[in-house]
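In the two complexes below, chain A is the common chain; its partner is chain B in one and chain C in the other.
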Partner chain A sequence: MTRSTFSAARPAEIRWHPTFVRIAPVVVIVLVLIAVWYVAAVLMNLNLVRGAFERDDTPYTTGQLIAGTMRAERPLLPAPHQIVQTFAEDVFGWPVTSPRSLVYHGWVTLSATFVGFLLGATFGIVLAVLIVHVRTLQKSLLPWIICSQMVPILAVAPIVIVVLGAIGLRGLLPKAIISAYLCFFPVVIGVVKGLTSPDPIQGDLMRTWSATPAQIFWKLRWPSAVPFLFASLKVSITISLIGAIVAELPTGAQAGIGARLLAGSYYGQTIQIWAALVAASVLAVGLIGVVSLIERWVAQLMGARS
Partner chain B sequence: MTWQRLAYFAAALGMLAATVLPLSSEPTPSLLARPIVLTAILLTTVLYAGAAFVTPRVSIAVTFVGVALGCGVTLALLRDDAIASYATSGIWLPVVANWGAAWLGVAKLAAVKPRDKAAPGTIDLAIPLLFGAFIFYLWEVAVRGFGVPLVLFPAPSAIAVRFFDSLWMLWQDFFQTFILGMLSGYVIGCGAGFLVAVLAHRYTFLGRGLLPIGNFISALPIVGIAPIMVMWFGFDWPSKAAVVVVITFFPMLVNTLAGLNAAGHIERDLMRSYGAGYRQTLQKLYLPAAMPFIFNALKINSTLAFIGAIVAEFFGTPTLGIGFRISIEAGRMALDVVWAEIALAALAGMAFYGIVALAERVTTFWHPSYRT
Partner chain C sequence: MRAPDQPIREGVTSPAALAVSAHDISLTFQTADGEVEALSNIDLDIAEGDFVSFIGPSGCGKTTLLRVIADLERPTAGTILINGVTSEQARVQRHYGYIFQAPALYPWRTIERNVMLPLEIMGFDAAERRRRVEQYLKLVNLSGFERKYPWQLSGGMQQRASIARALSFEPALLLMDEPFGALDEIVRDHLNEQLLRLWNQTCKTVVFVTHSIPEAVFLSTKIVVMSPRPGRIIDVISCNFPRDRTLEIRETPEFLKIAQRVRSGLRSGHSYDE
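Entry: the complex of A and B
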């Protein structure tokens, strides 16, 4: 009320539509970033292109030079349209089963991500339930779980792969285990927080109804942990994707987005690296979207008002 | 209380089993030839049985003396080449007995209601330490008892030996990865994120645009830029620092911006009524209010930065660094070196996190989470 009268007193001020106020700055800054990117691409690739012209002894103009920086085959920084073009070619230009297709590599990484995520989330939930119910574990194990995250776990990745390879496990599972190791932590912390979030009063109420521990768990603790669980799952699925990508690095994997990054860096195929990065980002956004969808669906099932 | 008494009796019996059951599938001299070990076994048995009858506080002390003795006995027996890797029930039952007794002791310790004020901190620290020590004991016993080959899983003692043998190499790797690569990138990345956040807070338009973008980029697998940075800045530490800068920038930006916006309307109005300028408001209101958020970002970044520095080393290094050493030695199956590097990384990571957490305590002592 006060706000509207306040602005009515100053008619000179223009009031924009709220959506416009929200979207406009984002669009402007994205455009500025793209412009900066183009300028940087010209500047960084300039010497490269000039060198190529001078080796061939062909005369060149500044215009040709700048046009060259936009088309360089192995640029230091590829222009955005080059990345988009390569990405589109790699995604749509090849049959899905071809090792040149990004869809194929994306699928390899995605399958490890899924298995790792399922393993990690299940492990995290079980651990959280144990921690909440066994006091000794809460006091003794929780500090170690937190400590385990101070350790750069990716450093363990090569060993996990070597050891599991020695036992005879190869391919998808070692990668999945690494991403599970990375992604269980947010789940544990979130679910422990969620399971302990009901008020003591509510627990007392359950006891006055002489509810069994199992009933208290399924009817009070678990439902109140679900929102926390989904918040953690959104974090941990991206971590799981990172784990799957990074697990492909030290092993010299043949397929997967990590392998694409590695091959691109060996052969100086910068555009390929960037295209793989775009693919990883698309996957990350898609995975978070899927988890959000499931979250909405579960919330509806549980009778939440949206 | 009766089941605890039963459990203690079971532990005592399990310990006693060492004197009756075979220690190894290979022929070994009887325990009578080792009077010290035999005495220790009997003493542990007495301690475990006795712990069932004394008051809880004494019982905790008795239990842990017993566990220490029992662990010592099994480790001493496993030093024998005829027992290690051929261990049978005579070793495993006492190990299980130690495990049960240690669990009972920790459970009792966790239930203790301290009388004085200093004690809860000590107990909260002691429980995880005891738990960790016991995990290392189980690891050591399992590796030695089953004779797991070194190339698969080295025992903690072998790792410790390797660690102290190669301190110089570890220090060089630590300096390359941690000090040069990670720390410089961490400082630059966090500093830049902080400055941009202050700007974005001052100019609302910038903030409205940067916040969604920052949130979006924070969710992306940014470590993937490592090969590009290695291409731009070469194999040495600047490329690692660059990866760390990019990784730490966005969490810092997003969190600081959220923190700067955390100051309430009333406080802002109060500063206005004092006639405070922007700089004064920033210094006295916005920054202190943002401190918990900033420290949150610093903590998140301490783990991210380390991961970034190590991953960047997978793409090329000047034959130095934790990540490089791990990937090389893992390929040569020298797993004790790898584990020594991991121990180094773990210690460095925990120490760094501890320093950040300590700084947080000192700086934001006023925050509700510290005023219990």
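Entry: the complex of A and C
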């Protein structure tokens, strides 16, 4: 039979379920990544395991060697199943108040992230509004805002924490401030862009109605800026999580995902480090998901095409 | 010319009262490549209740002149009075409604809330806002579309919503900048008839910018022919068809005669240009 496009009697095509069609590419990529990871784990841990066998003068086969790379206690690169196992144990194996629980550490970091994000987003919005409305600020403030982001935060974080500690601020707030310092920037840039986005004739219309500056702001500029704000917030919330983790590193914090990372690297607990990293990415995905949900809800309220 | 200190709405019923009185208006824009003379020595009187069209090729300053009337541009020389007050006072006191070529509806507001927007800004109470939105959406045949968002409406319907928005606060003067320029011929004819009916019913003064000769002749009581570089008025043509005219008048000899005069005016203004 010819492959005529218009033939009604085409050979039956296999019709995949739409869910399968949507998920299959993702699954394939994940499987490929996991396979690559296993190969890398074998290669990277091989010398480590061989060294251990030779130190003990135990004879070994290649099979034993490869099996060893999969269950090393302090591997260079832990195998995926080791990470999953440790992650599951750390999350579910302890009461959430225990300092051995990843949930506990995750919550400590998350609370600093929330406070930092709120501070940073608010600060960013206020700055953007000032920049748009006060002409001199646009020239004088923006270069400083950009410079602030060129400072390596790892160098500044200990200073900030020591200074704040000296005036009696410890715990959550210094971390939140560092997180805010990192995350306000995308908000400023996005909201400035958004507030200046309305079409000139919409501004002209406001003028013909002799609207007050406050009315122009609330009825035109602010609603125009909302889509830009959400785009910024999605970037900003992950940065603020990174900020909170970074702030935990130089302070010898007792709790938090940063503290877990640090402790893991002190004691060579690579699996613990990776488990903490997984926890951080789970948090990041969750945070972006929450912002996206709110974004969709607000877009619906504002009559966006669905 | 009336003195500026006279009461604003004095003589609304008198046909001789001037809605717009421009005297020796010039406007020069400073651009990167030097000065551009957008308007040069414009003298123009528009009586209340008139329907005046500005017609001319692009760049002749017709939109600029409309923006000067609306106080969206300041003339570099000359005086202009709107209903006997300066253009700035007229804008602040909301004497006119302005309709742009694009509907410029706010995408996050429903049609009814778009029409309501100027009323919110001007501080009308909620009951009055609702009453007027209903009244003016009905006037432009958009009843039933209150809860739709702009993107759910066709271009012609959006422009009608923007007309309802301009009418909602009941200004005596309507300034329309090529409002139907982006619409197709059929929708345009239809809206022209509706606009004429509306003008006939409400006795407003309309200033209408267009580059379509039939549109100008069909709608206007007075056609102002303009020419570019520098923008100036080269002819003012009266055009006294009955107020309740229909599209059929476009076939009459009088109509064609006026259209011919507009066309020759445009040609003479253009002749030394090319």
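The definition used in the following text is that the second predicted complex is superposed on the first by the 274 of 306 C-alpha atoms of A that agree within 3 Å, B and C clash if a C-alpha of one lies under 4 Å from a C-alpha of the other, contacts with A are read in each partner's own complex, and residues count from 1 in each chain.
What we mean here is this: a residue touches a chain if its C-beta (ideal position, glycine included) is under 8 Å from a C-beta of that chain, and two chains touch if they have at least 3 such contacts.
All values derive from a computational prediction rather than experimental measurement.
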Joint occupancy of chain A by chain B and chain C, clash or fit: fit
Touch count on chain A, higher of chain B and chain C: B
Which of chain B and chain C A:29 touches, first, second, both or neither: first
First, second, both or neither for A:208, with chain B first and chain C second: second
Touched partner set for A:220, first chain B, second chain C, both or neither: second
Which superposed partner A:199 touches (first chain B, second chain C, both, neither): second
Chain B versus chain C as contact partner of A:264, first or second or both or neither: first
Contacts of A:14 with chain B and chain C, given as first, second, both or neither: neither
Chain A-centred angle between chain C and chain B, computed on Cα centres after superposition, in steps of 10 °: 70
Overlay on shared chain A, then closest C-alpha pair between chain B and chain C (Å): 9
Chain A partner contacts - residues on chain C that touch it in the complex: 70-72, 91-94, 96-98, 100, 102, 104, 106-110, 117-118, 120-122, 149, 151, 169
Residues of chain A defined as touching chain B within the complex: 21-22, 25-30, 33, 76, 135-136, 138-144, 147, 149-156, 158-159, 161-163, 166-167, 238, 241-242, 245-246, 249-250, 257, 261-262, 264-265, 268, 270, 273-274, 276-277, 280-281, 284-285, 288
Chain C-touching residues of chain A, taken from the complex the two chains share: 199, 201-202, 204-211, 215, 219-220, 223, 226, 302-305
Chain A-facing residues of chain B, complex: 103, 106-107, 110-111, 124, 127-128, 130-132, 135, 151-153, 205-210, 212-213, 216, 219-221, 223-228, 230-232, 302-303, 306-307, 310-311, 314-316, 322-323, 326-327, 330-331, 333, 335, 338-339, 341-342, 345-346, 349-350, 352-353
